[in-house]
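Before we start, here is the structure in question, set down as structure tokens.
A, B, C and D are the chain letters, set down in written order, and residue numbers restart from 1 in every chain.
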């Protein structure tokens, strides 16, 4: 299948290239970049040297759609929305990595993203691309909008609990930690290695934009409003997210009860691993052991002193948190094996 | 003043040496280490080369007390308790860095530390060494037991809120992140650089021992039982703690109300900085900017969607979290300027 | 093909498992570990959770050879030599990752490895497993001994220069930098994250053991004695080697001359990339962009003020520097596509 | 004494502030920054919160000289040269941190710094500010130009060998490794944490500008031309330089001979430590144990197989490599104790 990537010079674009260039069923036919037009892809994504001789082309949508059966859009929020009508019109399948089509309520955009959505009628046409939650919808869709990395990591951890209606949905605390690739490629004094190395920086203690997606999806599962308290931290690594989720139980549960809920929800899922060991170094989820893989690891611990359940979930923000999840959606949309191109184990130690 | 250090080869011992060797009023007269007896201190603490020619002596308490007016004990939990009777008998002032005298209820030891306290009658003789909370008691004490690093960082952030009786004291979530020096010097596969680098490892999602101290001190302030949900994470740095504390308000508050509470509690405190800026890279507390200093930085943000208050506190776990706080207690106990030997700014960037 | 791994719990063993479990032509039939016998492989190599249900077996050579057509030995130096006679007797093909069969002169063992080789007659039976230098020998061999990671990275950079007889072979300086996985899994105070993080530690300024291999192979190419001055440094990363090689030219050369030499030597090589760009971040080899891949990147710069040529070579020490190179040798030994199982691009950024 | 800092918002400016604000004999009267005029210094240098209430002023030289007895200039190369005539005219003492007055031969500027020096007559008025080499000159000077960080670290290691005329001065290889603070505060894709973390990036294998200073000073000591081959690498840390220096001996030496040379050169030096231990983790110089201190650690090892001597030197690039060395020069220029304000031990572990 011929695949194009609009916006291929960022971190998500680079990761899409890495996965798609080695995907057994895919040929990457175009990769656009306004800034690097005409340059070899490997000048920007140096890991792809000798893997591809592709060159970036300018962001000419006609060229992209003419040579593609499916297009990934990995441009910034607020930009995707502008190019989407033309892409949709062409009839190609689309997997959008931006936030521009994740939220179904147009009013959410001015509130969380500070712009008025110019094409609110398109919002309902996009499926929220989280296969573990909406697999059948993704399979039957031409247009998929992929979740944000911290949203995905939170939703996968919380969905089974919300579905079972066992937690106080007004006091869900998600304490998220993320590496520096999560903030995009644009350099600033805040991303300078000397200022960013060694931090535990609480960059968004309240009001992070991914909150909106998490609440939308969990409320949909719950059938009622769910409030999520998301606090985000930048930590000293490049890849990886850990969400430590603190929830309060409506009534006491035992460990086997929780196991049963998660096994019921995720047994058979190819990219979910339940992690809760009695010994070893990695007894609970830790992004260190998912780096480079499409896994989302989920584990938990009970604090019966406070009827608190601590759920931990870990992803590689660029793989299951972004490009890998997008490829998984693509596989479903076009009928490939869901795991195609995504079977690599994590690199460890790294 | 002549000072001895029992247990000087660990990270806290090394930091005590660094601070005390340059303290204007102190002469370090002994530093014990069973493992390194007879070796130069700088063989173990390589930063002290050319700073001192001191050699480790064996852990001979007679020699230590004979040459000291005040003794720091920085030996492991369960060991301090064994040497303390002899030290106390000698009449020297004591600052204990272990957990053996922090908890006032003897029953807490089997529960949290898995041993029965052999000298429960001594527990009440030690003052909990947190000057910002118990300055007058510390001043008037001969025997001080210093808090654990994460406990101190949590208590300082929470005490003003508990005192004002404005939060739900049954649902206090402390999500703590700490560097690798917090785990002590003993090597293991878990502390091996290749396995420890780049982690966000939730090593104790529930049941961390410091919980006991935090609850003891906050309950004392509240005049009723306070339950603290402490979850601890190892992150990729050597020094530093960030506690992200999620609490739920009994009634809505505005930002100025919270400012007023913290300013009321801590104005004039030499080592507390309130950090909540509108711009800049370090708008909230981040351990990166306290490294090497005795500051505890505290900041907050309101999430009025959920009546949640997020409080963030940051310390260098070896300075304000341990050795620096110990020296601050010592200064108070003997009548030195509270800031003596502790005025260094943090090293930045590092 | 059925493959066994003797000594599978270390870093090289884990990397062999990662590569072989996903190799299209291989079935891993056994993985031995004395320490972890009976435990799931993924308890030790947490990245392999859900990838394999293999359990470690005890180091019983009969079981291994009975179930294998080819065996990797990844046990420590001095141990491989003891188990090799029995393995050889069984007739399986062997790829040894230790140093015990790299050196062809038995006298080199007491000198560099501090033991007398018990089976010197076996040394000549092993081919030095560096396909870019000895491809035909590897293809035709039953017994292959893989180079050390820093040796491999040095030899690949130097071989073309030595072959062309253009450098002073008495003054070859190799300044090597390596991540913490290069030192093996055994924990010590030196490998403790708190002591190992942030170092630039010159741990072996002279006399590193890999010197012997480099000199052996380069002398063989030169037809005369070559002296290599190898100085090794531990740096703050887990994976990766950079060798910065300073050589002095016998007569002046221009940039195109050097290009010609390296292109002549390595054009067509699937795992060598020549890296020397005019712009971009990664203009010269940097291990950061080979992590997880089997590439060895080689670049150079001329310093005509001193007739010095600086050659830089970068590998992932666990892939091309160890397990990946071993798999490449295996592919050649049994007639698979040389690239089978080794086509992954590097993970970037990581 | 009243001190002004022109260009105080960069890393060197911040470090000058940290050292001078706590210097017992100094009052910082002005700190200029065009970009941050009017902002509190601690908004940029967050470590200085509660240490100072100083605000940045615009770069108005009149204001600076009127309120200062001595001025540090920490502006970029090419800028210092423009402001210097006015500063000199005012009669204040000056310590310049830029490269604009380090080289004595005006022809060196177009060659190494790509500009023609507009005030060549001033070059001879500045003393090269390296107290260990030119203490008396610094003492008697009004105008001091401080060395570059890698130059200083190289010169201190090499000067005794050059002075004793025992090495081949045509083949001096300096393989330098440096942290990210060495490159200044300006953000770029190359300094972005995601691209800079985990690198061993040979950013200047030949032709680094500091070469000129090293050759100038060593040639002056030798009394003849010395050629230095400097290759520089960016490594994954914020502070610190290690220079690994490979030199070839004119005639064989033994270890005690080398000890004698270095002891002869540096005994009594307050900020030079000779490091060459038989055991321990830090047997040779490692920047990890000088962080935050003004020490330059120097060690060595002999490779008698090749008549090679390996000398290693380590500094904190912002302290002894820049601001600390500048303060040391200031102390000498005005007759303070040379160690005033510089006695802090390194922070360890960090």
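As a convention for this text, a contact is a pair of C-beta atoms (placed from the backbone, for glycine too) under 8 Å apart; a residue touches a chain by one contact, two chains touch by 3 or more.
None of the values given here were measured: they were computed from a predicted structure.
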Q: Look at the interfaces A-D and A-B and say which one is made up of more C-beta pairs in contact.
A: A-B
(Q) From the centre of subunit D, which other chain's Cα mean sits the farthest off? (A) A
(Q) Please tell me the distance, in whole Å, between the geometric centres of subunit A and subunit C computed from their C-alpha atoms. (A) 36
Q.
I'd like to verify one number: the distance from the centre of subunit A to the centre of subunit B, where each centre is the average of its C-alpha atoms, in whole angstrom.
A. 38
**Q.** Whole-Å separation of chain centres (CA-atom averages), subunit A against subunit D
**A.** 45
Q.
By the touch rule stated above, which residues of subunit C touch at least two different other chains?
A. 11, 181, 189, 194, 197-198, 236-238, 281-282, 286, 291, 349-350
Q | subunit C - residues contacting subunit A, complex | A | 11, 14, 18, 21-22, 43-51, 181, 238-239, 273, 275, 277, 279-282, 286, 289-293, 295, 297, 343-350
Q | subunit B to subunit A touching residues, read off their complex | A | 170-171, 173, 175, 177, 189-190, 194-195, 197-203, 205-207, 227, 229, 231, 233, 235-237, 240, 242, 244, 246, 248, 281-282, 284-288, 291, 300-303, 305-306, 308, 310, 312, 314, 349-350
Q: Spell out the part of subunit D that touches subunit A in their complex, as residue ranges.
A: 11, 179-181, 185, 187-189, 191-194, 196-198, 236-238
